[in-house]
Amino acid sequence: MQEQPKSYSNQRKYIGKVQGVIFDLAGTLIDFGAMAPVEALQATFADHHIDIPEPLLRQLSTSDYQQQLKQLLDEGTVSEAWSNQYGRLPSHEDLENLQQQFIPHQIKSILNHADLVPDAIELAKHLLKQGIKLGINTDYSRSLVADLLPELHNKGLTTTSVVCANEVSRGRPYPHMSLKNAIELDVEHIHACVKVDDTEAGIEEGLNAGMWTVAVAVSGNKIGKRLEDWQALDKTQQDTLRSPVTIQLYRAGAHYVIDTIKDLPACLTDIEQRLKRGEKP
Amino acid sequence: MQEQPKSYSNQRKYIGKVQGVIFDLAGTLIDFGAMAPVEALQATFADHHIDIPEPLLRQLSTSDYQQQLKQLLDEGTVSEAWSNQYGRLPSHEDLENLQQQFIPHQIKSILNHADLVPDAIELAKHLLKQGIKLGINTDYSRSLVADLLPELHNKGLTTTSVVCANEVSRGRPYPHMSLKNAIELDVEHIHACVKVDDTEAGIEEGLNAGMWTVAVAVSGNKIGKRLEDWQALDKTQQDTLRSPVTIQLYRAGAHYVIDTIKDLPACLTDIEQRLKRGEKP
Amino acid sequence: MQEQPKSYSNQRKYIGKVQGVIFDLAGTLIDFGAMAPVEALQATFADHHIDIPEPLLRQLSTSDYQQQLKQLLDEGTVSEAWSNQYGRLPSHEDLENLQQQFIPHQIKSILNHADLVPDAIELAKHLLKQGIKLGINTDYSRSLVADLLPELHNKGLTTTSVVCANEVSRGRPYPHMSLKNAIELDVEHIHACVKVDDTEAGIEEGLNAGMWTVAVAVSGNKIGKRLEDWQALDKTQQDTLRSPVTIQLYRAGAHYVIDTIKDLPACLTDIEQRLKRGEKP
Amino acid sequence: MQEQPKSYSNQRKYIGKVQGVIFDLAGTLIDFGAMAPVEALQATFADHHIDIPEPLLRQLSTSDYQQQLKQLLDEGTVSEAWSNQYGRLPSHEDLENLQQQFIPHQIKSILNHADLVPDAIELAKHLLKQGIKLGINTDYSRSLVADLLPELHNKGLTTTSVVCANEVSRGRPYPHMSLKNAIELDVEHIHACVKVDDTEAGIEEGLNAGMWTVAVAVSGNKIGKRLEDWQALDKTQQDTLRSPVTIQLYRAGAHYVIDTIKDLPACLTDIEQRLKRGEKP
Amino acid sequence: MQEQPKSYSNQRKYIGKVQGVIFDLAGTLIDFGAMAPVEALQATFADHHIDIPEPLLRQLSTSDYQQQLKQLLDEGTVSEAWSNQYGRLPSHEDLENLQQQFIPHQIKSILNHADLVPDAIELAKHLLKQGIKLGINTDYSRSLVADLLPELHNKGLTTTSVVCANEVSRGRPYPHMSLKNAIELDVEHIHACVKVDDTEAGIEEGLNAGMWTVAVAVSGNKIGKRLEDWQALDKTQQDTLRSPVTIQLYRAGAHYVIDTIKDLPACLTDIEQRLKRGEKP
Amino acid sequence: MQEQPKSYSNQRKYIGKVQGVIFDLAGTLIDFGAMAPVEALQATFADHHIDIPEPLLRQLSTSDYQQQLKQLLDEGTVSEAWSNQYGRLPSHEDLENLQQQFIPHQIKSILNHADLVPDAIELAKHLLKQGIKLGINTDYSRSLVADLLPELHNKGLTTTSVVCANEVSRGRPYPHMSLKNAIELDVEHIHACVKVDDTEAGIEEGLNAGMWTVAVAVSGNKIGKRLEDWQALDKTQQDTLRSPVTIQLYRAGAHYVIDTIKDLPACLTDIEQRLKRGEKP
């Protein structure tokens, strides 16, 4: 026998091309500033003549709207406003009613903020030309995006896979949605996938799926400014807002932090060089 | 500003426990020697009074039975035997008929060879005790294993996820089945998964999914011997059969090559130490 | 709970720019050939009519002048010359007298050899333009460089930090001087610092401080030739002198060995690329 | 010539023992729960008959008391209370007065909370036995700890180096304090140092200095509970508080996160094994 | 003592140039398609009026001709043809006679297929210009290549070292031949060597010698097509043949898989960059 | 096609056992203190009534005796003594005569100092038991060790391979001798070899051959003390001598520095663990 069978290990590495990119929706691919969830919550409470300031909404620790409504009702100033309005503290039944009342506002807000982030169509064309498939996953449920997806398609954005939070047993930061995307994108190797997101939970979802991750700092929920509001800031103001967000997204483990998806192609080039050198995400 | 926002990268690594193990069926978890597919093919041709030697069947380059039947009909000695029997070369219609005739033989063979590999129940108990969930994926279609799975359950083997080849768009070595398992096993991170298989395609499937992989050399299709036939060999004969198979499985990239799943617990311990040291699969 | 708190490690890496470069003085930034220490020792003994050949001085195993004078007095030929001169072996009192007599010679020699190494001013401008601060540390005590520093400043060399051997409790190869420089240079991360030196002890000092290191082979003490003497050599003679010195400096662990600081910018570019790839010094 | 001088690089690594451990004070070495800063702020405002709830104090984004007082005065509920009390919004002069009034409260609070964290003396003995020197650095200024240090010494805690925020030009997360400690601890190599802290800024300070870092989750400011309050919680309550803090400290880049310094020796053992294997912090 | 003697390791790495390239002969440097061994075997049996199909010859599991002849005689169709021809099964004496009869056929076939692979001379000139020496090792014995080598030299191919299988105690995949080449090529470091081969055993030989390895897929034995036959295929046919061979050669551990040695210079450039970055083969 | 052929690399690593250890002779395996070369040189000059002090002989920069004699004749004190003795400076003819006169002294000295280093036989038995073959290479020529080798064999030291400097085209630090040993030891992979030596050139020879290296500090030429002289020193004296030598041998790149070969087994155990973890020398 010429070779001891257990004297050699062989480490196999994917050194090929990026094959799929998976985008979060609000704050990443559409809805610069991630305004829709904020607007829907504000509108729901406005029906009860209660005004919720935006900073309070940006700090909610969950992306699940039922939890968000509960957190708001529990919040001191909100529960006080409710008492003033109705002469009693909000009840469990009030919460359930609010959750029902929220949905039509949310559908409307999502459509109101369906604008693609600048250069999204150019990026989609670039990916197509590189043979890279485009996937989406989102905290929105399927019914919420039912009207949105055809509209995106009409604007020129063709997707191979869309996964919604209600279609998997666990949401972010669990890897379930991204893994389902990877199956539907028909990638050869999980290292050929890149997840793009504007939140820490979305970056961790991609990392937990074994993918490369790119965070967008400027268009996302953590800065939370409409495109025109962002552009109206001077460079120093922009830097002051962007710096802490960039640090937070790097701390979550993002391989790259960019301003918006417009800057994605350079990341993909770098990822392919790292794959070729034998690096893993 | 105290910190340049882009001066630091943070590399996040999973350093936790193994959470899920995904087993192939024939030759790995059940059917020592992977006899069922061979037996079913032989039985199908025996109905036509054609005898197919086992070595020919072990060398087939595909695990898709429709392709296997086509390859056999194209093979010189088989097509000659067919001519002798029927006075003409096999036609496309003959192939389609054979594909129909094959299915009942396959169902029967799978049940005939449903015996668990030795110590499988002890292993299942060990995994349960460690809090590790057990998944299965297989080249068999769902209908083929419909009767088998309850039987395994009755023997004491509880699975959290079973994925069949017909439930994903692409089979091995694509990662689709293992990724679907990972979703169903509710793992936190893809690096918390281990794929166990007896074939190169099955090992590559696990690697493509970003998982740790363990290959079983002795109980699998590549040696292709029933348990009792294997045990009847002396040590030198066993070594002569095992050496080239071990080398082939390492070459496919398996992190570990063991004899049978009985030896799996030591691999899991080693994987957890490597995770803790910051290694990725 | 969505995430096991101890299942993830995050490895933070500095991937930013070089922020500070710390130069040794004699043989690195000024005094091509590191002539001053040699000249001062020779002058001290010349006062006693004893001639010390230069090779003897270049091989001294310490850079502490008090130790150097002691080693020389202990040396066979020197102690013999002393006996011939004074009719007795050198006493401890003789040593102490010599140590006093040495200091004015040293001050004079340092000023005699205050010429900057060629292109030092161009390099300083380059560093300034890159936003890189310039530090100095030296085996000389503060009083010895008191007159030298303003002169360097007048020549156009602006430094943010100067640390002298007598200002820390332990000299090279201990990291104390370089760490003090790093504090004074206000760097964000120790990996943003580069130590440049012509001796093994100086390279080790930088490595012990966790910094990148660049050794200069040609202008330093280990070759020990004045600029004009070096330039008068043909290429083969230069190679013969440079080869063993280059090897010795690499063996001390220098990340780069260059001829003189003129070649430093290419090293800094390479260091920044290595930092960006996630390498540590 | 037998060897091309530039054909070989030599990478030098520290593979020796841990030589120094640098502890933060409040929340790490003393003052379980980091109560002193909170108490001093509350007392300062109490003099003005204004009550500040503890959660507001734990969320302050700076450890600089002058900034903290300013942030509090700017806060809605506080500025409203001030108006109610004094009939006008707080002025710049009010802030300056508060900053003066704060100092005696702080001195008193620090002494009130000078109790060592449990097992600190045992740990100090363990370090001494291992030949590891003990350093301290702190956001407190020297005058604030002037009375505290002798008291710690009387309790049996001998330190080789104490660095206060006012003794360096930049505080955490800049590495200045830890680098000054390293010089005073006379360590051979910066990789022989370990920084222990309860805050992200303190962990980053250690990482920026090129050191190993250990975070304490339970005794620190981020949980902010007195020892007896922590011990009164059941295991589930403790886990609920500890999990997010552990994650935050890992995200800052801590090599280890432990409950309190009682668990430090196991980290030091692991660090020495990693150094021996050639790892860098 | 300033430095603990065992506190530092120094890892020395070769970061210089490639100094030697070692080529296999048939299928790599000469004899596109590795036709000579096949032709010689066919001719030997043709003398006995037995026709051996080429696929059978390409699948032989050994490159030792004595073993090859034995395997063929043992093969079912061949032994049957022998029986038909001579009225009895082949005896041991028949085998020995065949082994004698084989040699002149082999010598003739080797000379028949001595054509250099396209661009071999250009490559040799390129290597010469880069200062890289050229070695050869081969499964052929010295007597078989005695006439071939001067002919190659006349064509412009100058070699510094030729090692034949009969000159070392163990053939491929043992590293013996490549190590002997390295000595004769006078390389400074084994990492300065590159082995080029068309078979798995040849690649493993290079890896076992600690060298970089480059596999040629198209000109070699595993595809087994003459240059003109290969060129006559369309791109799809070529891809179909090349894909599995490329995968097999990568699985054996080849650092690079190229079509023919014409593509070697790009690999050498990449190897030198990897050496400079501190990588080992 | 299921798999892109160039999308995967496979890195093959030797993870087996140590198979061969190659020892230098004088100062490593025999002749504690490496006395023979010194004694032979002294004896040669003693015939000319010239006394050469041992320190001068220990510092010679070459191990080639012809160069050593030339260096000595060129040395100031020696050439002066020669002049005193013969009334003229040494001529080229004198050098050639000395080179002739040296050889019988050297043969005699080698045999005088053929004692094995303590525990060498126990070590040889240990290696045999582990299935590790024992090789030797030496700067001595074959004729010089012709009488020595049978004597070692009689003492119980069985070697599989002995390579002398005159049997390869280039001596240390070229890898030629160690590569020749590896061929003769029939190792499967160059990473299964360990070179043991007492000099920098010998360590570099092993590193250049791609092997693991172990340096012996105490028994070797760099300390240069007979066993009994070493043992007569107290611990402090021993440490003072050993420290700089240990540092020099680590700087040459030795993976381990031990006192004598008695400490080798622990290194071999560690090497096998590192191989198993996938490390390369």
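Labels for the chains are A, B, C, D, E and F, by order of writing; each one numbers its residues from 1.
One rule holds for everything that comes next: a residue touches a chain if its C-beta (ideal position, glycine included) is under 8 Å from a C-beta of that chain, and two chains touch if they have at least 3 such contacts.
Just so we're clear, the structure is a prediction, and the values are computed from it rather than from any experiment.
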The chain whose C-alpha centroid lies farthest from that of chain B is chain C
Between copies chain D and chain E, are the contact residues mostly the same numbers or mostly different, with half as the line? same
For chain A and chain B, what's the span in angstrom between their mean Cα positions? 36
Using mean C-alpha positions as chain centres, tell me how far chain B is from chain C in Å, no decimals. 64
Do you know which chain F residues sit against two or more other chains? 3, 6, 8-12, 14, 170, 174, 188-189, 204, 251-253
Residue numbers of chain A touching chain F in their complex, please. 3-4, 6-17, 188-189, 278
Could you list, by residue number, the parts of chain B that touch chain E in their complex? 251-252
Chain F partner contacts - residues on chain E that touch it in the complex: 1, 3, 5-6, 8-12, 14, 168-170, 174-176, 179-180, 182-183, 186-191, 204, 207-210, 239, 242-244, 246-247, 250-253, 255, 257, 280
